[in-house]
Amino acid sequence: MTASPAAAQALPRATAGAYLDAVGRARALGPLIAASADTVEKTRRIPEPLLTELHNSRLLRLSLPRAFGGEQDTPMAYFRAIEEIARHDASIAWNMFVANSTVLIAPFLEPEIARAIFTNPRTLMAWGPPNACRAKAVVGGYRVTGRWDFASGCRQANWMGAHCNVEEADGSLRLNRFGRPTVRTLLFPVAQANLLDTWNTIGLRGTASDSYSVHDLFVAEAYSSTREDPDLRRVPGPLYAFTMQGLYAVGMAGVATGTARAMHEAFIALASKKTPRGLGLLAASAAIQGEVARNQAKLDASGAYLDATLAAIYAAADEQAVISVADRGRVRLACANAVQAAIEVADAVYKSAGVDAIFPGSPFERRFRDIHTMSQQIQARSAHFEAVGQILLGHPPETFL
Amino acid sequence: MSYNGTPIMHAEPSVISQAATTSGQAGALERARRVAEKLRAGTRRIEDERALPPDLLEAMHEARLFRLLLPTSIGGDETDLLTFVQVTETIAAADASAAWCLGQGSGCSMTASFLKPDVAQRLFGPRNAVLAWGAGVQGTATAVDGGYRVSGQWSFASGSRHATMLGAHCKIVEANGQPRLNAAGKQADCTALFPRAKAKVRDVWDVMGLRGTGSDTYEVTDLVVPADETLDREGMDKVVVKSTLFRLPTTIIYAGGFGGVMLGIVRGTLSDLRAIAMTKTQRGASSSMRESQVFQSDLAKMEARFRAARALLHTTVSDVWTDMHAGRALTLDHRINVRLASTHAINEGVDIVAEAYRAAGSNAIFRQLPFEQRLRDAHSVSQQVQGRPTHYMTVGRHLLDLAPDTMMFL
Amino acid sequence: MSYNGTPIMHAEPSVISQAATTSGQAGALERARRVAEKLRAGTRRIEDERALPPDLLEAMHEARLFRLLLPTSIGGDETDLLTFVQVTETIAAADASAAWCLGQGSGCSMTASFLKPDVAQRLFGPRNAVLAWGAGVQGTATAVDGGYRVSGQWSFASGSRHATMLGAHCKIVEANGQPRLNAAGKQADCTALFPRAKAKVRDVWDVMGLRGTGSDTYEVTDLVVPADETLDREGMDKVVVKSTLFRLPTTIIYAGGFGGVMLGIVRGTLSDLRAIAMTKTQRGASSSMRESQVFQSDLAKMEARFRAARALLHTTVSDVWTDMHAGRALTLDHRINVRLASTHAINEGVDIVAEAYRAAGSNAIFRQLPFEQRLRDAHSVSQQVQGRPTHYMTVGRHLLDLAPDTMMFL
Amino acid sequence: MTASPAAAQALPRATAGAYLDAVGRARALGPLIAASADTVEKTRRIPEPLLTELHNSRLLRLSLPRAFGGEQDTPMAYFRAIEEIARHDASIAWNMFVANSTVLIAPFLEPEIARAIFTNPRTLMAWGPPNACRAKAVVGGYRVTGRWDFASGCRQANWMGAHCNVEEADGSLRLNRFGRPTVRTLLFPVAQANLLDTWNTIGLRGTASDSYSVHDLFVAEAYSSTREDPDLRRVPGPLYAFTMQGLYAVGMAGVATGTARAMHEAFIALASKKTPRGLGLLAASAAIQGEVARNQAKLDASGAYLDATLAAIYAAADEQAVISVADRGRVRLACANAVQAAIEVADAVYKSAGVDAIFPGSPFERRFRDIHTMSQQIQARSAHFEAVGQILLGHPPETFL
């Protein structure tokens, strides 16, 4: 075994063989992504030819139903492909995650509408998380005015979405079958939205997760749907038996572990050549050796756990029925664990890299900022552990997705 | 409230070893508090300009903060060590870069105690006198008539943008080109001081955190420096001013001061965190942050770790000062104790800041709130030599009756 | 060396707030150190007999350790809080069960301040007077002529085997069977004191750690206790002795004392760990423990955490005492600060002990070495109410300007 | 999902289906082991009928070659079966681990000798780790005097072993092919050893890991072998392509995770009924919920990681050649990670269980002592992380096994 980042990379990914296709395509894009990473951060846009290559790789459509021109790949392939992209640039991986998340609305649309939207092979959809905005129900559709934040990927999107509560003509809020105000997703071409340049953050700057607003916009009923009731979906298959929140968690886990893996690999390379002032070679330090191994174990264990969890649930999933609350808890737990492991590894690597790590251009500085932006995202919240704990203790939260 | 630098949650530190402190110190801390408010309001400008803007620099001079560790004979404060640590904490709670410059400038200003009184007065007498230098013996001082001819390049000169003087650590070479040896037969070094204007300063300071320190690179070529504007930093026996403060090596000053900087960042972060918790409810959360039992518990744990690290640093530097003030010599135990307390404050501190940042949720990633800057600053302080985890090994060796692996940071 | 209770690696604590302490305390700590040597030598007997053997109990009485918190008017020490915390640490470094009994007995002895002087003298005057009791209001005191008729059962009475008196926390019932209400309209309670011989004590104390505390269960049936040998623990206004110590509630005493117990276990463990590291090479290891860089570093980290937790507890109790001694009232801030410092010491402490145990390697599992007992003891201290992690939540609420969830441990 | 320990137990063990046989037999023994646990601790012996049932289950021969009457099962089955036994009693699991470790000498013996020793279906072998003892080479074999410690299982053993350096007739030490003093293992019936009652420990008391001595004992050459050179083995198969140290690590990992799993399950049950003085129900505390989920993730992730690692290496292992140093590092890392996770979970559970945990008879007290005895064993040492770190950093330790 020789001293190189490859050594770390070569450690077993239990079931990786099965997903070689998507992962292999992701790996092939690695050098181009790495070469574009500075530009992506600086311009907060994905430059050509990278954007075209990403479309060609079909990695932005892994979760889109085959019926609408997507890959409809497994969640295991999805996780490992995102992880591979994130090894080269976290912002690109994040936008890949977002692209594969917004397409999850497709199974809830009327098929002809979905086909119309996604017939363009470069269709990308973006939106921000729900807030208190309301759309008014009008004849044939909805009329909406509002603003949303955190719309990652909007700078490459040709379609936008907006999650709204629905206000009926009489001023009352429309309720869903659970008796709570419904959240309806309205879709419209990006030209109808006003994109606002607000994304001034510590990291993931390349995602351009800007804000956007619309004013008195009409959206036809057919271009709207709701994600809140898994039973309303129209496309069968085990992939869609997973909940949308669950697949979000899987994608986010991949971004986090890929970023941490890249830092870990870069640190192994650094340790073999760095001798800090007044000390010996980093690689010769027993403390560093122990830490490198622990980091490797954290990444590989959390990955194997997520692989195994997804594979078991996927294998047993019904074509139609959504997976059980217990299974949702398993997905959530394995994802939260992976994100947690990634953050811990990134922090440990950063600390051990010393003063090298604070300079832009090092393999650590941007990734450190990126992972500490991810760590604040809702998918990384430690409250997920509490929710899963409630399931394990026999009292699942009421609307656990 | 949290954003103007006034700590909310932390009771004033108990004044420890009051008897041993010198007069005038309460004034120093009080002056620091007043300046802190201005610095807090200007922290964005400090970061964007990657230096202390003139008005804020002037406020620090007005408060005489760069004079804390100068001899009283030339209008300095000669504060005790605990007060110095508390001042760096107070300033860092407002702006870490300003505090870092203060810590570094204060350490450099200790050189005044090596100079003849009239030279010290000439160089450090002006109210805006600040000395900065880069790390390491990177230059050459060739002996010439009445002084040295100095050439070399130095990096990481924190505070170089507002410094009036720069320093250059050099190997001494005789006029004939032979290295000068000291009494122990080793290469003799000196530090030459000269006006900043004499050096070529290059702006290279583009980093993740502590951006406001302007820690540039500078060089001089064949600059002649008079002998009495040079000194031998290693020769504690050559210190001219004999009071308690100047019997301390600068390693102790840096360890205490930069420990204080990290504690200040932590204090500011926890104060900010408490402030947003008073109003924020995270998306999808069942209760407000303030009412969340998990948040309450985590906040108290962070507070406990902060208070404990702070209590250790304060009692440790206070003990050292008390002993020194009573005329006792500085022992290896003293050095080890300060090393451990400072390393612990820095390592605990960066962990607490990272945890607080995470607890603050998604707003924390935006520049509009102070969290992301404090995270970057803390993660830059921790990367500097004072925060190295290997210091624990050095201390461990001492606890096990082994000789230190290095004296460089003791 | 490490096995006879003399700490090796820890410098004597700096004496903080000297001015505010009462006289005679240096003596208390010195007496404790002498007894500690004997206790260390007898720790196996304490554990096997699940009580303090007569000779060791006598040594503690000889050193007047159970009289630390008794009024000077009846021959007690009325030590300050910091000294009390230091004494419990000193004893716990030798034997945790003895220290636990001391902490518990000292807390119980605070009742003397509620009694009429002649009654206090009668009950607590004897040199071997020790009061023990079990937790909670578990009994009934029915009013009878001149006193109460008491029945009930109590558990967890640490030190009950060497106690001369037992206490019984009871609800008061009138002769007619009606509950007696206090001024606030709630059930009135009292604590009745009586000679141990009057109770039926059952040996139930078979536990993992702190085995030597003999924390038995006892009961009495229809025992008549004179009114002046009862007291109302909640009525701080009924305290007869008005000095600084007796203005402190026992929650503060327990928090400080049991924090001290944990710190003592940590100190003893680190001292033992250092001792074996001086000679041991682990099977298959490339260097001796002493020469291992990882061990050196881990040892220093443990030491730093210990020192920091200790510095926080010491400065916190010292601040409280200084304020109280100056005549100020005990505030909620004081209570919260002590709660946080004590909870932190206990939680940090048990983690450090577990880490030190692991670092000690395979020998540590055998009863011949002190590690396994200290591990069991620390993990019993941490399970007791003083160590509850939920205390962090209570403190967090205060930091967030919310009212405490409970005052029970403040 | 209902509130019961079963909830936790039912979480996916990715590949458990494949090993149902050994794991199933282990599970069937659970109630009998649980019922005997107090006796095992108190008497430091395995009582009947438990001992006979253990023999009948063939769980003590999972690693013995089929050629000598063993099961020669997979390492994955071995790990999960030990884990299952440890859920009920750690000392029994430990002795199962020891029994399956000592039989690993069998592939290094002449087949007829191995067959002779193991033809008795109740044969159990015990020994302590090597120390400085020397055997003298004499005509036809060795003559030895010495004492060894930590001989777990010796009270049930009918055969004992002793690891010795060999002193030639001329007083020199015999060297192995690596140029270091050889360590030879001498085997002899237990009646020839003097067992010493020395096992007074904090935990794992039921293992009776006593000391033993022999005086001037003659052992014939054929009843000796060496474990130090994997190339000397005579039995093919992927199981034996793993190193002995590696399989030790696997067994130890199973004991640790099973013990921690039992504490975790017991805590879930406790949390649903315990209300500490002055507080609400444990299960209702958000902090407890989060901790339960984290513990579940630690146990499941470390298990999935070890499963995946063993399965990948087993699938690729040669019939004859020993696995590579890199693979040995993977096994070691996954095992060390599992042990570490188990100790962390046990500590967390113990702490949260409060004062209940200190009383004998609670599901926590003995297991806490047991796991803190394991934590001191050489397999649990954190130095393993350093050794693996050296491999990852490109400088494998010279004799990594």
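Order as written gives the chain letters A, B, C and D; numbering starts at 1 within each chain.
We take it that a residue touches a chain if its C-beta (ideal position, glycine included) is under 8 Å from a C-beta of that chain, and two chains touch if they have at least 3 such contacts.
Just so we're clear, the structure is a prediction, and the values are computed from it rather than from any experiment.
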Relative to chain C, chain with the most remote C-alpha centre: A
Chain pair whose interface holds the most contacting C-beta pairs: A-D
Averaged-CA centre spacing for the pair chain C and chain A, given as whole angstrom: 53
Centroid spacing, where centroids are CA-atom means, of chain A and chain D in whole angstrom: 41
Residues of chain A engaged with two or more neighbouring chains: 285-287, 290, 382-383, 386
Shared interface positions of chain B, touching two or more other chains: 293-294, 297, 389-390, 393
Contact set on chain C toward chain D in their complex: 136, 206-209, 282-285, 294, 350, 354, 357-358, 360-368, 372, 375-376, 379-380, 382-385, 388-390, 393, 406, 408-409
Of chain A, residues touching chain C in the complex: 285-287, 290
Interfacial residue positions of chain C with respect to chain A in the complex: 292-294, 297
Contact set on chain D toward chain C in their complex: 129, 150, 200-204, 276-279, 285, 287, 343, 347, 350-355, 357-360, 365, 368-369, 372-373, 375-378, 381-383, 386
Touch list for chain A against partner chain D, complex: 1-4, 7-8, 10-12, 14-15, 268, 271-272, 283, 286, 288-294, 296-298, 300-302, 304-305, 307-309, 311-313, 324-326, 329-330, 333-334, 336-337, 382-396
